[in-house]
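These notes open a run of structures that come right after.
Here chain A shows up in two complexes: once beside chain B, once beside chain C.
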Partner chain A sequence: MERERHETPPAVLSLRDLTVSLPGGAGRFDIVRGVSLDLRRGEILGLVGESGSGKSLTLKAIMRLLPGAMQTRGSVIWKGQDVLAADAGTLRRLRGAEMSMIFQEPMTALNPVLSIGRQIDESLKAHTALDRRARHRRAVELLDLVGIPSAERRLRDYPFRFSGGMRQRAMIAIALACDPQLVLADEPTTALDVTIQDQILQLLLRLRDELGLSVIFVTHDLGVVSEICDRTAIMYAGEIVETGATRTVLSAPLHPYTQGLLRSMPGAASADGRLNAIPGQPPQPAARAPGCAFAPRCAMAGPACSVTDPVLGPVLGSVRAGHASACLRATDLIAEGGQP
Partner chain B sequence: MSAVAAIARRRGRISLPLLIGAGIVLIWIVVGLFPGLFAPYDPDAFDYDALLQAPGLAHPFGTDSFGRDILSRVIWAARLDIQIAVFSTIFALGFGTVLGALCGFYGGWFDAIVSRVIDVVVIFPFLVLIIAIIAFLGPGLFNMYVALAAINWVSYCKLMRGEIRLQKQLDYAAAAQVLGYRDLRILFRHLVPNAMTPIVVFWMTDMALAVLLGSSLGYLGLGAQPPEAEWGVLIADGKNYIETAWWMSVWPGVAIITLGFGLSLLGDGLVVYFGKKERS
Partner chain C sequence: MPSGNLVLRRVVQLVPTLFFALLLLFVMVRLLPGGPATAALGDRGTDADIARIEASYGLNRSIAEQFLSYLWQIAHGDLGVSYSLKVPVTELVLQRLPVTLTLTACGSVLALAIAVPLAALAASRRDRTTDLILRGLFQLGLSSPVFYIGILLLTLVAAKTGLFPVGGYGSGFLDNLHHLVLPSFALALNFAAVLFRNLRSAMIEAMDADYVTFAIARGLSPRVVLFGHVLRNALISTVTLFGLNVGWLIGGAVITESVFAIPGVGRLMIDSIFARDYPVIQGLLLVLVLTVSVVFLLTDIVEGLLDPRLNR
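And then the complex of A and B:
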C-alpha cells in the first residue's frame, strides 16, 4: 500500500503491524495478526470478515477498549501520535473529541437512565467550553443533523422511547457531538431491519460528505460494503487477506477467501437454489498450522500454501492501484480471470 | 421472545404487593412522624387505677403493669422502630454501595482485599457478631447502629460489586469510555444508577430485618433501653405477664409483623415494578 501510484491525500490513521494476543495454554496466541491499514480523510474503509475474524477486535484495539488480558503490539498512529502509547489523559482527550465509536446494538449502547439530551450534553461538557445554552443549541442541531424529528422535544426523552433506527441515529448524534474526525463503526446496521439499515447508511454517507469524517466500517455484509465503502479490507483468522478499492475487491477479487465470500452471497446461489458456503471452519487461534490460514479450506491450495505464510502485497499483473492480496497463487487467479 | 415480552409487560406495573406494601409502610411512617395525633394517652403516664387492664373501651389494647396505655406505647414506639429501620441500614447501604462499586469497577488487588474482608465477616453468624460488638461497645441504640453499619455493609458491597461487574461489560459502558469520560464519572454517573435497582429492593428487605433485629436486641436489653417505648422492649416488658396479660406482648408483636410484612411486600412489588428478575 505504500507504493500507491495515484496522488492520494495522506493517511490520518495508520495501523502498522497491529497484533492482539491472548494468554493461552503454551504462551500467548494472536487473535489479530499484523494488521496494517491506512485511512485517509473523508474515506470510508470497510473491514469485512466473518465472526471471530478479528475485525471488531481491531476496532477496539484502535480505541484502546480491549480488556487488560489482551496484549496489543504494533502501532496505531493518529495524526502523528501513537494511540497505543498515549497516557490516560491524552486518551481521554482523543476519545469523543477526535475519535468516536458507533456500536452494533443501539438497544444497549445508550445509557437507559439518562435522557438523550443529557447524554449529548455530557459529551459536550467533557470536551468543549460551551455554556449551557450553547450546548443545548448544539444538541438540537445534532438531532436535526441525524434526522430525528422534533429535536427540541426528543432531547428530553429517554432511550426506551426511541425505536431501533432512532436510537442508532441518537447514538450517531452523541458520537458526533464534539466534531470527531474519525468514526469507528462496529456493525452499526446489523441490528436494524433492512429499510432502516439503508437510512442509516445514507445518513453516514451524508455526514461523511458534510463533515469530512473518516470512517472504519466493520461489517460482515458485503452488500453494505458495496453501498458505502470507498475501500475494503477483507479479514480472515485475524489477518487482512485482501485490500483495495471496494469495486476492485468485489468485482475482481484476488484471494480465494474473498471469492468464496462473494460466491456464498444469497444473490449468487447455485442452480439448485442452495447457498455456496465455504467448506470447513476457520482455524482456532490457538491451533494454527504454519502457512496460509485459509489453505485447509481453499480449493486452489498447493503444497507451498501449507508451508509458506503469504504476505499481503500488490499482485504482479494486477492493474488496479492499491489492490493487495495475501495469496501465494494470486497471479494464477488473475490468469483465471479473477472472477467469482 | 415471550420471556422478554413478559418482563417488558411486567415492567412499570403497579402490582398488588407494591400497593399493599407501600400502604402499610406509609401508614407506619405517618404514625411514626405524628404519634401525638394518634395516641389517645401519654405513653409514659402511669395510672395506678388501671393496672393490667384487658383491652376494652377505655384502653383498646389494654394497659401494662404500671397502667400505661399499650396502644399509645405501640404508637410512640413506631417512631423509634422506623428510625431503627432507617439508621441500621442507611450507613451500611452508603458505605457498602460505594465500596462495592469501586471493587466491581477496578477489580485488582483492591477488590481482592475487600473480598477477603467480606469472606471473613460472613464466616461469623450475623447475630452473634452483632451481639459481640454491642457487648463490647455497651448496649444502646447508637452502638447498635455502629455494629450494624460495621457488619451489614458486606451485603450491599457484594450486591453492588456483582452488579457493576455485569454493567461494565454492557455496550453503554464502553460507549461512555469511548466518549472520553473519567473513570469515576463513568462509574458513578453511568453504571451505579443502572445498578441501583437490586440495591433498593434489598434495602426494603433489609429494613424489615432491621426492625426485627432491633426488636430482638431491644428484647435482649442490648438495643433501646427501657423505659423507652420500642416494640421489642414492650414485648420484653410483657413476658413476665404473658399468662395473665397477653396483650402487653401481643400488640407490639403485631406491630412488628405488620411493618416487616409491609416492607417485604414493598420489596417484592419493586422487583416487579423495576422489571428485574430476582437475584439471590
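And then the complex of A and C:
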C-alpha cells in the first residue's frame, strides 16, 4: 500500500462529493449524487454509463457549463483551486487555456458559419498575446497535429466542407488551441463509424502521450473503454458504483451493474445467441426508493439492499489496489470469482 | 463568398419577374370600374366624349395590343405621359420616389437600430424583468397600426413640444431628415417589433446550441460569445425576414406619408388611382416592384455573406 502511494503521481483534478440537482415538483432532486474522482496527469479515465446516468452532466459540472437552473454542490479541485468557487474571470482563464471539452457531434458543436481557422483564432486571441501571423502559424500547426492534410488551405474552410472524421479532428484542434492540460471528452466517437472511431481514439492516445494530457472520456461503449482508458468509473443513476484500473473493472467486476453491462455487450451473447439485456429501467431521479438504486434490477439483491444505500469503497478481500465498489454483496461476488 | 454569378443569375431572373408583374398590374388597373375619361368628366360626359378621349389615349384598341405597345415603350425607357397631370411619368417618379425610398430606408435603419440591441438585451436576460418589459412594449408596438402611431406622435410630440414639424418635407437634405424623424419612427415601430420577436427567439435558440456551449467552454469572453456566435448566427433569419418585409414596409411608408403630408409616391398613387391615370399607376408600381426585387437581391447577398452554407 505504501509503495503504491509513492508510484502514483498526485491527482491534478479531484472531484469531491460532486452533486448536481434540479428543481422539480416538491423540491430539488439530485441527478448527479456525490461523485468523487481523482484524475492524474497523463491519465485517461473512462466514465461509463447508460443514457441519463449523469456522466455528461458530471463532465459539464466540472467546467461549470450547466444551465443556471441546475445547482452544483461539492468541490472540483483543479491544481489546488476549487473551480466551483472560482469567479467569472478566473473561470474564463481556466476554460480553454487549462481545461477543454470535446463534444459528441462536431456538426453542431462547431459554429457552422465560421471557418475552422477563425474558430481556432478566436480561442488563441482569448488566451494568448500572439499577433495575427503567430496565431496563423499556430493554427496551421494545430491542424497538422491532429492529422488534417493541407492544413494551410483547410483553415479557410467551413465545418460543412469537412467529412465526419475530419470535422472531429478539427474540433479537437480547436479545443487544444491553447495547450490545455485537461481534456473532457463527451462521447467524442459515438457519432462516427467504426473505422473513423478507431482513428480518433488513436489520435487521442497519441496526443495524450505527446502533450501529457489528462483526459476524462465519457462513453457508453465498454469496447472503447478497454482500448484507451487507464482507469474506469462506472456510473449508474447519478452515482459512481464501481471504479478501478480498466483491466480490473472489466475482467473482475465487483458490481452487478458492471457485470450486467459486460454481459450485454454484443460479443458476450449467451449460448442461444440472444443479447443479455439488463431487465428493467433505471430509476427516475425524482422517484428514488431508499436503498441501492440498482436493487430493483439486480438478481443478487437481498433484503438489506432495498434498505441501506451502499457507499463506494474498497472491497474486503479484493487484491487489486484502487478497486472500489458500491455494493453490499461485493464480497460475495469475489467468492464467486468476480467473473461476469 | 457570393459570386458575381449569383448577381448575374438574379438580374436575368428579374426579366420574367418584371414581365409578369407588369402583365398583372396592367390588367388589374384596367379591371377597375370606369376609366380615365369617366373619372375626368364625371356625370357630364356623354358616351361620344368618353369614346373620343379614350381613343386619344389608345384605349379603344384590344388589351393585348395596348400591352404590347406599352412593353415597346418601356423597352425604350419611356413610362408614358400622365393623363391628368400631362407630364411625363418618368419625371413624376424621379420627383416622388426618392422621398418614399428615403423614408423607407430611414424607417428600416431605425427599426434595426431599435430591434437588434434590444433583442440582444432581452435574449440575454431571458424571462427576467427586462425581457418581460421589452416583450410587453413590443407586443404593444406590434398591435398598433402605423397610422395610429403616426397620429399619436403628431399630437403628443410634434404639436406639444414643437421640436419636430407636424408635416411636409422641407427643403435641403438636413431639413428633409428633420421632417422625416417622426414619420420614420412611426414606420419603424411596427417593423422593429416584428424583427425584435424574431431575433430574440433566434438568439435564445442559438444560446442553447452546442457551438455556443463550446464557445463558452473555450473561455471566450461573454462579448465574443454574444456577438460573434449568438447574434452572428441568429441574424441570418432576421435578414431573411427583413428582406421579405420590405415590400410591406413600402406600403407602410405610403400610409405614413399621408398622415404626415409628405410629398412621396403615396399621395400621387392614391390620386392616380382615383383619376384612373393608368400610365402613372403602372409606372409607380413597376418601379416599386423593381425596388423590392433589388432589395431581395441585396438580402440574398447579405445572407450569403453571413451564411457560407448557402454558397455551396
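A few comments on the model shown:
Keep in mind that, in the parts below, the second predicted complex is superposed on the first by the 334 of 340 C-alpha atoms of A that agree within 3 Å, B and C clash if a C-alpha of one lies under 4 Å from a C-alpha of the other, contacts with A are read in each partner's own complex, and residues count from 1 in each chain.
One rule holds in what follows: a residue touches a chain if its C-beta (ideal position, glycine included) is under 8 Å from a C-beta of that chain, and two chains touch if they have at least 3 such contacts.
For clarity, every value in this text was computed on a predicted model and none was experimentally measured.
When the two complexes are overlaid on chain A, chain B and chain C occupy overlapping space and clash.
Of the two partner chains placed by superposition, A:236 touches none, neither chain B nor chain C. Of the two partner chains, neither chain B nor chain C is touched by A:78.
When the two structures are aligned on the shared chain, A:257 is found in touch with neither chain B nor chain C. Shared-chain residue A:158: touches chain C; no touch with chain B. Of the two partner chains placed by superposition, A:217 touches none, neither chain B nor chain C.
The interface of chain A with chain B overlaps its interface with chain C at residues 63, 65, 91-97, 100-101, 103, 105, 108-114, 122-123, 126-127, 171, 174-175. The touching residues of chain A, counted against chain B in their complex, run 63, 65, 91-97, 100-101, 103-105, 108-114, 122-123, 126-127, 171, 174-175.
Against chain A, the residues of chain C that register as touching in their complex are 209-211, 213-221, 224, 228-229, 232-233, 236, 306-309, 312.
Note for the complex: chain B touches chain A at residues 170-172, 174-182, 185, 189-190, 193-194.
Put simply, chain A touches chain C in their complex at residues 63, 65, 91-97, 100-101, 103, 105, 108-115, 122-123, 126-127, 158, 160, 171, 174-175, 177-178.
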